[in-house]
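Reviewing the structure listed below.
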Amino acid sequence: MAETALIVGTGGGLSASLARLFHKEGMRIALASRRPENIAALVSETDANSYSCDASIAEEVATLFQSVSDEIGPPDLVVYNPSYRARGGIADLDPAEVMKAITVTCFGGFLVGQQAARSMLKAGHGTILFTGASASVKGFAKSSSFAMGKFGLRGLAQSMARELAPQNIHVAHFVIDGGIRQPNDARGNQRGPDGLLEPDAIAQSYLHIHRQQRSAWTAEMEIRPWVESY
Amino acid sequence: MAETALIVGTGGGLSASLARLFHKEGMRIALASRRPENIAALVSETDANSYSCDASIAEEVATLFQSVSDEIGPPDLVVYNPSYRARGGIADLDPAEVMKAITVTCFGGFLVGQQAARSMLKAGHGTILFTGASASVKGFAKSSSFAMGKFGLRGLAQSMARELAPQNIHVAHFVIDGGIRQPNDARGNQRGPDGLLEPDAIAQSYLHIHRQQRSAWTAEMEIRPWVESY
Amino acid sequence: MAETALIVGTGGGLSASLARLFHKEGMRIALASRRPENIAALVSETDANSYSCDASIAEEVATLFQSVSDEIGPPDLVVYNPSYRARGGIADLDPAEVMKAITVTCFGGFLVGQQAARSMLKAGHGTILFTGASASVKGFAKSSSFAMGKFGLRGLAQSMARELAPQNIHVAHFVIDGGIRQPNDARGNQRGPDGLLEPDAIAQSYLHIHRQQRSAWTAEMEIRPWVESY
Amino acid sequence: MAETALIVGTGGGLSASLARLFHKEGMRIALASRRPENIAALVSETDANSYSCDASIAEEVATLFQSVSDEIGPPDLVVYNPSYRARGGIADLDPAEVMKAITVTCFGGFLVGQQAARSMLKAGHGTILFTGASASVKGFAKSSSFAMGKFGLRGLAQSMARELAPQNIHVAHFVIDGGIRQPNDARGNQRGPDGLLEPDAIAQSYLHIHRQQRSAWTAEMEIRPWVESY
C-alpha cells in the first residue's frame, strides 16, 4: 500500500523537490500551505491533495491532519519547513515580529510534530523531519529572531527523537547550511557550479533518512555545498 | 560610583543569592518579579528597589527599564532567570501551555535582553547574563516545551554575544546542569554533601563573568555538582 | 568505468557489509587489513584485492595506496575503520597502551587520509569516510584512551573536510552510537528486534554519503538504533 | 597550609601569568619545562621550584611528580599547557611532525593527567586544568595536526572530568579562542585595545575555576577577546 507524505510549508524550492521525489517514489502527497493557490502547478504535477493551513494555529493544524487522514490516509512521513525571521540588530527589532518568528519557526513545528506524533503513535510507525539551518546551531550576530526559532525547533526535534524513537517513530533534524538555489537564482553565477544547494539533492537525503532501517537511524544530518565556508 | 544590577525573575534560590552577593559587592540592586510581595524580605536585606513586571510583556519590560534607570541608574548588569515548562509527552501537551513555556523562557529573555542592550549601547558598557539549563543543550524525552524555550534562549544569547561584544557589552549564557538546593531541600540527603547546586556557589561564577576583563571574556559556562552524572 | 573502493581495517561486521554493498554497486574492492588471512572468504565473495597493512605505519600505508592504484586503480572511495582502546580508570592505564590507542585510532586515520588526499587531489575527486563512535563527541568516564583517539579522529575529519571539500573531495565522519551486531551476537536477545546496529543498514548510509551530489554534502552523520538511550 | 601548584609547559605568557597569580595567592609554585634555563627570571620572581621535564615521556613525568611531591608537597593544582603543531595542507604534512603534534598536545596531557590523578586520588582532592584552543572544538582547514591534538586533549579532559569529579577532583578544559598577547606584540596595534587575550586576565579565570565550591563546578570554559570573530 502506498505511503502518505505530508509536507508542511510549501512554496520554496525544497518543498517542491520533496513533493516530486516522494511522488516519484509512489507516495500519496499532501501539501499544506498558507496560500495553496500559489502551488497549483506543483499540486497537479505530483497528484497531490492541497490544504490551506496556518501551521502556527493549533486548530488549523488539527484540522489539517484530520483531513489528510480522512482523504488519503494518516501520514507515514511528515516534513516541517516553515520559518520566519525578523532582520536587524537586537536593539531595533519589533517584538511582535520576533514573536512571529518564534511562532512560525518553532511553535508551528511543535503543533505539526504533536499531531504527527499522535497519528503515528496510533499507527505504530512513521517519520517526522524538521528543516533547520546553520542558525539552528550557531547564533549569528543580528540574527537573534532566527536563532531563537531555529534553536528552539532543534530542541523540539531532539526531545521528540528521544521520546518517539523507541515507539518506532523516526524523528530527524536537518541543518541546512547555505543558500538553496531558487529558479533563475542570480547568486548561482557568483558561486560557481553547485555553489548553491540544489533542492533535488537535499531531497535525496530526506528520502534516505526516511528509508533508513531502524537499527541504524540518524537523528541529525548537516548538509551544505562543497564550496561553503563554515 | 556604584554599579546597578537588575535581576529579572526573583523568587528562587539563585536570584536571592545573586542579589545578596551583588549587594555585598556594593551594587545597587533592582529586583523584578511578577509577585514582588513574595520577596519583601530579600528586598529589605539587599536594600533593593523592587519592581512588578511580567517579563513576557513588552510594555512592562520597557517600563521596568525606564523605572530602574530613573530611580537607581541604568543597569550595568542584567540577569534573566525566568522559565516555565509544560510537563508531559509530546502527544499530551496543551499547546497553550507550550506557548507559555516558550514565551516565558525565551521571548521574555529577548524582551529583557533588548531593553538591556538599548540601555547599555547608550552607556557604552554592560553585562547581560542568561540562565540556562542542561535542557539548553540536550532535548530530553518528554521535555519538549522546556527544550524549545531553553534552546531558543541559548540561540538568543549567542546571537547577542556576537553582536554586542564588540560594542563592549558582555553577554553570557550559563548551562546550569543539576538541581539547585532549595531551603530545607529533601533531595539533599539522598545526594550527599554538596550534591545539589548551592545557589551561593553559582552566584560566585556569575560575578566572575561580570568581572572578567574584556580581553578574556566567556560567552558560555556550564556549572554542575561534582557528583552529577552527565 | 567502475569505481575503486578501499576499505582499511577489515574484519568486523561493518567492513564486511561495506565491501559487499560496494561490490554489489559495481565497485572494485580493495581490502586492507593487518591479517588478510582472516578475511579470505570476504575477499573471495567480493572479488576483492586483499592487502596486508598496518595502518599506523607511514611506509606501509604509502605502499598500500601505491599497490591499490597500480592494481585496480586509484581509489574513488576510502573508508577508515580501525580503532583500539585501553580499558580502565585513568590511574591504571598503561601509557604504552594509551599511545597505541591514539596511534591506531587517530594517527592511522591521518596516514590513510593523507594518502587518500594525495591520490584524490590528483584525480580531482573522491570520498573519504571516517568511522567514529559516541566516544567521538563525549568523553565517558574510564574511557580516556578511546576518547583521545576518537575525538582526535573527528578533529582530523573536520579539518580535512574544510580543506578538501572545495577541491571536490568529500570527507565525512560517522558517529556510530551503539553496538554493531556481530554474527551470533548474544546481546541481540536482550535488546529486542533491531536493538543492535545492523552493519548492512549502516553501510547504506555510507553509500548514501558517497553518492551525495556535491551541492548538498554531509560532513557528519550520527547513526544509532531506534531503542538506544543517549 | 599552602597549596602546591604545578604548571607544566612554561615559557609562554599564560604560564608566567598563572605562576605569578598563584604565587600571589600564597601557593608554592612548581614550574616544569623542557628548558628550565629559559625561565630563570620567572622562577626567581615566583619563588618557584623549577623542573626539567619532557612531558611526552612517561618516565620523566613520573619523576617530575615524585620530585615535586618530595620537595614542596603533592600538587593541589596542576595545569597542562604544552602544544605543538605541524603547519600545512593535509597532503604536505610530515607524518613524524604530525605524530609529534599529537604526542606533545594530547599524549603528554594524558601522562601529566594520569600522574596528577594518582597523586590527587591519594590526597582526596585536587584540580587539573587543561589548556585548549578554538582548534579543540573546530577542525580548521590546513590545521589537521593541531585539530587532532587539541580535540584529543578535550576528549581526555571530558573523560577525566566524568571519572574524577565524584572523587573530589575537579578537571576542567579551557577553550582559548584567540591570540594571547606576547611581550611587545606587534598584533596588538592592529586589533585595538584588549584585542589580544591578556594572559593575566585568562589566569583569573583559571584561578576562579580552581576556587569553585564543588557543588557548582565547571568542566569547560571558553575565553576570547571582546572583538574576536567566531
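What to note about this one:
We just call them A, B, C and D in the order they show up, numbering each chain from 1.
In the analysis below, contacts are C-beta pairs under 8 Å (C-beta built on N, C-alpha and C of every residue); 3 or more make two chains touch, one makes a residue touch a chain.
If you're wondering where the values come from, they're calculated on a predicted model, not measured in any experiment.
Distance between Cα centroids is largest for the pairing of subunit A with D.
Mean C-alpha position of subunit B lies 31 Å from that of subunit D. If each chain is reduced to the centroid of its CA atoms, subunit B and subunit C end up 44 Å from each other. Within subunit B, residues 162 each touch two or more of the remaining chains. Inter-chain contacts, as defined above, occur between A-B, A-C, B-D, C-D. The residues of subunit B lying in touch with subunit D in their complex are 162, 165-166, 168, 170, 181, 194-198, 200-202, 204-205, 208, 211-228, 230.
Interface residues of subunit B, counted against subunit A in their complex, comprise 58, 89-91, 93, 95, 98-99, 102-103, 106-107, 110-111, 113-114, 117-118, 121, 135, 138-145, 147-164.
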